[in-house]
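Paired with subunit B in one complex and with subunit C in the other, subunit A is shared by the two complexes that follow.
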Partner chain A sequence: MLDTRYRVEIPGGIHLEAQVVGPIPRAFAYAIDLIIRGIIIVALWFASIPLGLSGMGGGVFLIFLFVIEWLYPVLFEVFARGQTPGKKMFGISVINDDLSPVTLGTSLVRNLLRTVDFLPLFYLVGLVAMLSNRRFQRLGDMAAGTLVISVREAARPAAMEEVQPLAPSTPLSRADQTSIINFLQRSPQLSRPRQQELAAILEGVTHEKGDNGIEYLHRIGAWFLGVR
Partner chain B sequence: MKQHEFEAQHEALWQRIDAALEKPSQGDNSKFLAEQYLHLCQQLAIAKERMYDGALLARLNKLALELYRELYRYRSETRLNFYAFYKRDFPLAIYRHRFYILLAFLVMVLPGLVAGAWTYLDEDSIYSVVDGSQVRQVERMYDPQADKLGRERESETDILMFGFYIKNNISVAFRCFAGGLLLGIGTLLVLFFNGMFMGSIAGHLTRLDYVDTFYPFVAGHGSFELTAIVFSGAAGLRLGYAILNPGQSSRLDSLRQAGRDVVPMLYGIVLMLVIAAFLEAFWSSNGTLPIAVKYAVAAVLWGLVLLYSFSGRRHGSR
Partner chain C sequence: MDLDKLQVNACIRSGWQALDLGFLMARAWWRLLCIAGLVPMLPLAIVLLAIFFDSPFWALLVLWWLKPFWERLPLFIASRMLFDEAPGIWSSMKSLPLKDILPWLFWRRFSPQRAFDNPVTVLEGLKGAARRQRLRVLHGKYSDVALSNQFVCFLCELLLAFGLLVLFDFFTPDVLGIRFYDTFGDLTLAGEWLFSLAAIIAMSLVMPFHTMAGFALYLNRRIELEAWDIEISFRNLAERKRSLQTPARILPAVVLVFGLFGAGVPGSAEAVIEHDRESSAELIEQILQGKDFGQEREVRKWRFKDMDEEAEEEESFPEWIIDFFEWLEGSQGWWQGLSGIAVWVKILLVVLFAGLLLYLLRRYRGPLSRLIRERPKETAPEVLFGLDVTPESLPPDVPQQAIRLWGEGACREALSLLYRASLSRLIERYELAFRASHTEAECAALVRAHGIESLSEYFWQLTQTWRRLAYGHRLPSDDVLHSLCDGWARELSSGTE
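Right after this comes the complex of A and B.
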């Protein structure tokens, strides 16, 4: 099964989870960054003309060219919470594999090794590497010990319709309670027949048929949630 | 406790944490966040234990992750301590990479010497290593008639060349390092061909008797530049060897460890190449100074670089 969850125990004594991000959003983010870099380079070229391209202007331009070519991602990852402008647009961020912020050293390693991931062309090596491990790490990520994770806001559950809570007639285990709560909260995204299908599985327990079964489950779900 | 009760009890705190994370450095926010870190961790643990629903767990997880990232933003390794780097970290990294440095040195210098001897003895052999137009360009650069050394055209100023050397040389060093990820082969190729190229140019110019222009030019900045290229090769070989022979750890862990170990080498390489570019652009190109002065300064520079490179021994326990 394809599971993009990545778990790490942090010093707080708990496990934190993050969603690792695959090649598609990363490629889009890279494309955006490429365009931004191109614009910066062209702008710098025009800015350095008045300073003289064979003198001061040319020298400064070449230094900036070097910085943008090699250090553009490093500077943004270190100073802007692991996000280049492209990554920010797509809600993804670079992070160390212990989920601590990326440091100058790890960012430098992962970005210098980009050269190899790019080989033989269009990031073929990087793509194959990403698809061959569960954390979607390209070679540079493996050497640096970094991940690209999603930092999108988690989807809030859709607002529930008013349900009258009802105490269940028999005690239920925590896991059963959670399933029924999840059924209640996911109901707005499920079609009516699918809800009936799911509720029918529990017909032996609820002794309710069809829409009545759904309503009964919703009501005890609300009771478990603590709706008053 | 029912989930809604739990949420009602902590909602205000979570919103305050969320707001503080927006502007972590403002006012008392950092203090507040540090204080709430363990509380939030505990609340997440409780929510998990009580199997509250996925949306709440995801929300608390995201909040805890962001708070954790904020707390660990300022670790010692993110603060660059130049003095500690100069006195300890870089020499120690050099010492720990000593076998890789030796190997990188040999792979660059031996083919260079062979190519140099060959082009010195045989007039046409240079063209089997270096392309014809490039040979003529180098010949013009070190022509004893030229008044600016190491330049193809008179219009090229020191500052332009400084930018050029920064971009060119550091890019070569970075590529040399990155090639190590290909089991070290990429690094070996970069070192080998750079050695061949430099050796054959030196041999060829010696044959043409451009000795008094070429060697005083390269001797000075060569100290920093060649050493840094060898270091970048060593860092690359360290990566390659970590994959080939991971020892007791997995290949992935071994590579990751190597990736951490080479970081001071990378900082050092960049620093050395910036110094080299500065020397090459502003000092080496000066053709008016007596050759003896140039050689004397070169000797001092080489002495400094070598002394420094060997100074890590006293920090190394293995």
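Right after this comes the complex of A and C.
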């Protein structure tokens, strides 16, 4: 089963889940960061002109250039929950592959190895590496044991019409309850015939036909949502 | 369309996550999709490259222009793979829809959402007004995501083409004399050929990813609009309920019930084995010695090293260090030049050391100041085990008051007065550090630790009597009370000082 989901079992027997993020959003996030870094560097260049570019100013500028080029992602990843400004804009974040927050060590390794991913031209090796494994890790990520995951919040459930709740007549598993709740919450996006089709699948369970089936499932869904 | 065979996890995803899913699909079926893209393209590529031998860019341009056509076969095959069919390339080519190909090759050639719209034409076979209406439904909120797919994949193609060229340049020895550029900076024929080949390779390598990302976006929209995930889950539920109702399930249940009862009978007989007192004590001891109850403690202590052994080792001073210093002495002039720097290094080290010292002082100023300052005196508690032990709460003559209370039948009050008066005196006079958390026995132990034999003897007796009364409701005899009162007057009354 193909899925972007990444699962980790932590010692308490609890499963943590995250959605790994592929090259396209990461490329955009990188582009944003590149622009921000470019602006900072140009500003610094102008700022160091009064000090004399061929002397002191040039030296200071080069030192800042070095720090920004190498530590910009590290600082943001360690102190801003794994998100550089570009990553924040695209709702993605760097995290250790056991889904613990990224640390200074892992972030340093991942960003120092950027050079390797950059070879031979503008992240070609990184791109190939990313597409060679199902977690979309570039070489730096593999060495550091980090992932890029999606942290955007799930869409809020749609507003619900007034539905009279009804207790289900048979016990249902949690997954079944979730899908019935989904059926209720997503009904504004589903066409009426499609809803009838879906309700007809459960005719053997609900013993209701047509629109009655839809209404019955909606009422059970409202019950599962805690409406009383 | 049999959703039970769907090869991707149907759930609601954002547009970006759908693109990622598309990349995963392309990864999973990569080889087949690449071949499906190349098989129709290769013959034409060979013919075109042969025709435009002197200017292969024209061949490249034609091949690139026909891209919407090359994308159809991989898309068609992926749509079958998605539902766990494995179509052959030849049979798929025969059933490949050529519908609406002209618009795609002309006025829709530069549509920024080609990969997203393609499935409507290729898989749903819609055209004209029906297609437009369908696209209006599908596009919704995903136009920008589809556009970024197109954009990034185009960049990837360029990157791959130039990257391959650069790699080739890196790894070909100069002696071969292949030159990509002439003296005016224009591409040579070899350069043109290499670039064209690299671009064709890049095109066919990126194509599966681009197509699949668009396809996944289309799928995502359909999962959303048609609630595929809900259908799959409803089908499972209906299937489970149906199989529960069939009689085939009854038989295992019957076996299970009988199996349980059958197993229950012999187990109870062997459960109890008689043990007498001694053998069970032995057994307990044995179990306590075992691994589950045993305790291992790791103790770390400082101890002196065996100096003799160390000395032997130290004698083997590394030869190369001696050599190094001898060499340093030998090259005097160079060494003299360094001495000026050495002074600066020395100053630097002193400053660093001073800084470190200051930092450490600052860092540990809390613990240090606590060391220097006197520890604040602990305030004596006012209440112990619910008894008020302040001196102010006591009557002037404690033993007499206690005997009076005892005479009135208030035995509890009498003894508690005696006990709390003792505690109060002990705190006041001997400055014993009772804490509110101490128990009666701990207080008695503190008195014993104070070292006055008769006092601790008396206090222990009082504590025991009080505990018996307070918790055990066992009254002491008149004699005991009188002796305790006498003892109080002897050991603790203020007159003894």
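Convention: the second predicted complex is superposed on the first by the 206 of 228 C-alpha atoms of A that agree within 3 Å, B and C clash if a C-alpha of one lies under 4 Å from a C-alpha of the other, contacts with A are read in each partner's own complex, and residues count from 1 in each chain.
Here is the rule we go by: a contact is a pair of C-beta atoms (placed from the backbone, for glycine too) under 8 Å apart; a residue touches a chain by one contact, two chains touch by 3 or more.
Predicted model only: the values in this text are computed from it and were never measured.
S.K.: Which chain, subunit B or subunit C, ends up touching more residues of subunit A in the combined arrangement?
M.R.: It is B that touches the greater number of subunit A residues.
S.K.: Given the touch rule stated above, what does A:I201 touch, subunit B (first), subunit C (second), both, or neither?
M.R.: Second partner only.
S.K.: Determine, under the contact definition given at the top, whether A:A175 touches first (subunit B), second (subunit C), both, or neither.
M.R.: both
S.K.: First (subunit B), second (subunit C), both or neither: which does A:W70 touch?
M.R.: It touches subunit B, and subunit C stays clear.
S.K.: In the overlay, answer first, second, both or neither for which of subunit B and subunit C A:M89 touches.
M.R.: So A:M89 meets neither subunit B nor subunit C here.
S.K.: Taking the superposition as given, does A:I41 touch the first partner, subunit B, the second, subunit C, both, or neither?
M.R.: It touches nothing on subunit B or subunit C.
S.K.: I'd like to know which partner A:L139 touches here: subunit B for first, subunit C for second, both or neither.
M.R.: Once the two structures are laid over each other on A, A:L139 reaches subunit B alone.
S.K.: Should A:I32 be classified as contacting the first partner (subunit B), the second (subunit C), both, or neither?
M.R.: neither
S.K.: Both subunit B and subunit C contact which residues of subunit A?
M.R.: Common to the two interfaces on subunit A: residues 155, 175, 178, 182.
S.K.: So in the complex, the part of subunit C that touches subunit A is made up of which residues?
M.R.: Listed in rising order, the residues of subunit C that touch subunit A are 7-9, 12-14, 16-17, 19-21, 23-25, 27-28, 148-149, 152, 155-156, 159-160, 162-163, 166-167, 170, 209, 213, 224-227, 229-231, 233-235, 237-238, 241-242.
S.K.: What part of subunit B is in contact with subunit A in the complex they form?
M.R.: 1-6, 37-38, 40-41, 44-45, 48, 50-55, 58-59, 61-62, 64-65, 68-69, 72-73, 75, 77-78, 80, 155-157, 159-164, 166-167, 170-171, 174-175, 177-179, 181-182, 186, 239, 252, 255-256, 258-260, 262-263, 266
S.K.: Quick check: in the complex, which residue numbers of subunit A touch subunit C?
M.R.: Touch list, subunit A to subunit C: 1-5, 19-25, 27-28, 90-91, 120-124, 127, 131, 134, 136, 150, 152, 155, 170, 172, 175-176, 178-179, 182-183, 186, 189-190, 194, 197-198, 201-205.
S.K.: Which positions of subunit A touch subunit B when the two form their complex?
M.R.: 10, 12-14, 16-18, 53-56, 58-63, 65-66, 69-70, 78, 81, 95, 97, 99-101, 103-106, 108-109, 112-116, 139-140, 142-145, 153-157, 174-175, 177-178, 181-182, 185, 224-228
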